[in-house]
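Residue numbering begins at 1 within each chain, and the chains themselves are lettered A, B, C and D in the order written.
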């Protein structure tokens, strides 16, 4: 089930970097969700290659065509399929990849996995281009969640060593999340943007690339969502997030910092707020305890590696010929994928949360009414 | 599917902290695996509560009884079930938990999730005790992997701010992994052990607890194992690892450090070694590219939060009565679960890897012979 | 996932005919279901070997021990595991089976499937004894369904050529279903019982065995339950029903008779009843249209083959030695399994229906409240 | 997972009768399968509406466009997606269906299931048109199976009370299967065709429709394929077969006839054939014992109900208005879908068998080499 999210919601992604179309099928979507296609497009545009220095020169309109599952503006409840055309493909750029492994890419491992039968052009099914259908699916999930009062947002926490301010894990609001998500370059503090863009530009000139971290948050999640053990929110979210190429790590709440803390520091004391809701004073648990939402902001961070496609010469091998080689990657690539990965991470979270909302009912009480 | 690993191998874990028995069913195990029960017991003993200052005073023999799926010393291929008795349960220790949330625990979220019907005693199904059947399953998977030339090992990378040396991600050998895994207190550098134990003892005296990080590695994994997108090695391993209570983060290879690196630094150059095998000079990719094993050591780290059960008084709520409360946890608890979590992490990796080996065949060539 | 029902409810069955215990884990059960263990026992007793001429001489108390997932008489929502002891095992009866295939049994195919590693004693995991945990799971599901107003019942429709009256597919009531299900020998017309028992006794004396058909029905099923294509009620129910050994066919509503009917005869005309409910005048559709319940009685029939274990001599092979052989089965066996298969079919239906009730919500409206 | 086959092979079908396109994604296909598109087209043409009296007047070219997963004529191993255009849609034919239930159709149950949000035009996702992508997937699976020496074929066993000769369950050959499958109107005995066509023509003139039975067989299946309990060949095949609209029953081997047989008659005696292969003299078991293939021809039959769309007036309801109504179906429909259902049944079997071939390996021996 390599390209299928097969939880309660089934999301099947298909296509290759150079196939005529790529796309996604969403099965088990609830019926009757109004889908605003303009907002889907706006969300996908955040991931699409842009006319910015940090982005690949490849241009794709990335207008999804919904071919099923949508009727009179609402989901039907039967499978929703969307297609996205690949138009600006230059296959000859990639002839060299048939046998030469680009360092940091899956050319060699893909060759082994598929016994040399995979479409190697532009990375084939391993291409970051496949995050376009993921973002489409995420955009649909986000609109479903919005109807439940859930708001999702993410920002670039660091890029090439430049750090943005972290979200306030206790007091972050839906409004702030919407503001940062809606920005063209999602950071919480304006001056940071300039420094980050400078770092990217410098890397580009140096035929190099940069990595970064993304922080993602959801507020308004119903407490009591998720499950213990292997189907908890961390399990499901991390499984989807690692489907985004270039992600090397994920941490929830305090994350790796917890390792240096004591229990007294780390435990989040509970209290009753003025509305009689159970809250915690701090949020080291990141809104999840025992795999289940607590009602506090759900918060996690992911590490995104520097784009492996760099223009400077690198050592590699010809894995067919079995000999050492040199490679310099001349295709069109982003010197930093972190900005475009932000909506991908939001999409992954949205799909994980929607899945939790669609889980088998905790009791049969609703059915008894 | 809260407590089911439902990949190619199906692992269903059941039981509560105070149920008469806990256990696990493994379905889709290959037939004909010789299982050495002494080694299973030795592996599980590493997780069991020990007569050490860092461990809970609860004593459980933790001798699993295999009730099916094993015949004449080999797996039958039909479901293997193992039971572990809960003997030393003191339910009255936990009466208070019916309505009072222990900070850092799932008492409150579990109450919401299960509408107050869950067994709250000792954390019920959320208890760390459920890692005993996980370790049983992992011990079986480890023996299966051993037959394929795969060796798995982990150590305490940090504990309460004291750091062990990291594994060498390029040159770590099966022998070293076996040595560190076999140790009673798994660190690579001896003096570190003493410092860590001192830190734990200090925390215990202070009615406090400590967190840490665990580094885990596998060598001998066949290159070409895994899949792109949602069924890759990172996806499957992280999903299982977050099934271990107290884990707050996971990172593969360079992990979060990748965010501060450039592509030139981070990309691992390929080369042909003297045996004509494709290798990389560095191993920032942690043995996984595009979700698929490269043949280099598979390496990852997890963050383990400090034990939430601490003896000092904490603020909390009575979530039934809806009022603020104080709590001091008087049960028997580990001041640091990191040492006992080490085999759990190995078990999670072993189950994830065995799953990848059991994935649908990449081609039908074998069937054609 | 050979022995796992992995729909919304996960049911993992384990054990062999001669293992110390057999059992089942039910994951994703709703929380808060009151479970009446006396009624579970009464249901399981219908499947258990009985002191009747048509039944095996093997005696098993078949008292399930619930080891998890039940607290203060209610399901907790976390995995429920039940164990059943195998006490009256006579392994030496089966030594011959190591290499000799009993005609009509899975000795040979099981040997191939598991490369000779399976536990061959008494059929191992293929034994009809594994329907005991299936019936336990079904008994739990039946109590859950009862709380939703659903009643399930089945009877022996035919046995050795003797036919009972079929259910009235339009007017069958919950009361009638309960009456027939509760009977020791479930037929709708009393005199039929005597004739069937005579036929069985005759077969037994002749060292032979008999097959039959079972008709099963559910009333009170909420209309709108199920799904099109591969997750419809027929798909899910048939998948579970074929998990009962000896079942060779299943048909819903008019079943195979539909092949000889015209559309005008077969179509069930809709009408509004006095309560404003949509009903059909006939019920050839068996309560399911497009995989989804219509509100009419859900009705299906299964074919059960004659017990393959017969005392008279049969031709067979020694599949290890590779030569023709003779076999006469001297173990303890039922001359007809149909009566004991009746609760198994009810259990299968109950699990299939409960699964449909636990499917992801059709809309998110409930969540919006 | 309503429209997903989620076994080892994942098949996700999407589209509605009047959506611009319908299609299918196949995930987990083996890499390197040569796909002959001409033969795929020839297979799909058997299902497509034809210029014959028994077929709907709707005309669709049904030329699938493969958009991913196929490279240089071979499967890549990554998801294969095929699209089929809906061109000849006359939506206004169906306006009446918004609230009027066509007897025998899923209009009413679909309305309930999807809370009135489903696309009702032409039956939407419930339309028989969705068997086109199923047949595409089956055509791919058939080519994969052919490479393993497996041949699949089916014929019309009965239609409107006219019976063809059944396959010889012991001696049926691959050659015979190919011959009958390749025929335009698949029956084994020529004169039967004429009688069947007469019956259809008579029904058409009478504004009526006919049902029938289809017999399907596979030879060359490797013995030892499948699993006990819920993942056996009967379970998996029946689950897929009931995904074909109009199927009301399925029986394997002797099927419902077994109910009237004795064990002595029904048991298939084993013997060693001249090549040292284990065979059975009869084949009441239909090539499957304990869910696992025996090496004998795999054989089953399905019942197909008469087309519910008939031109004569029928009683029904307006389920929105809540009142009784009349309906006469004026759209374009087949007076008998049985001939077109034949390739659908073959496709279902092929997908079920390919799934079994892709199951987790029974042992790890192959990996050890």
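Going forward, contacts are C-beta pairs under 8 Å (C-beta built on N, C-alpha and C of every residue); 3 or more make two chains touch, one makes a residue touch a chain.
Note that the structure is predicted; figures quoted are calculated from it, not measured.
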{"item": "Which of C-D and B-D has more C-beta contact pairs", "value": "C-D"}
{"item": "Centroid comparison with chain D (C-alpha atoms), farthest chain", "value": "B"}
{"item": "Separation of chain A from chain D, taking each centre as the mean of its C-alpha atoms, in whole Å", "value": "38"}
{"item": "Mean-CA-position distance for chain D and chain B (Å)", "value": "45"}
{"item": "CA centroid of chain C to CA centroid of chain D, Å", "value": "26"}
{"item": "Residues within chain B bordering two or more other chains", "value": "1-4, 13, 28, 31-32, 77-78, 113-115, 117, 125, 228, 362-363, 365"}
{"item": "Of all residues in chain D, those that touch chain C in their complex", "value": "1-6, 13, 101, 103-106, 108-110, 112-115, 117, 125-126, 130, 158, 160-161, 203, 206, 208-213, 223-232, 234-236, 238-240, 242-243, 245, 247-272, 276, 278, 280-281, 284-286, 288-294, 303-310, 312, 314-317, 319, 322-324, 362-363, 365"}
{"item": "Sites on chain B touched by chain D in the complex", "value": "8-9, 28, 30-33, 77-78, 144, 147-148, 222, 228, 357-368"}
{"item": "Interfacial residue positions of chain D with respect to chain A in the complex", "value": "1-4, 6, 10, 12-16, 19-23, 25, 27-28, 31-32, 65, 67-69, 71, 74-81, 83, 113-119, 124-125"}
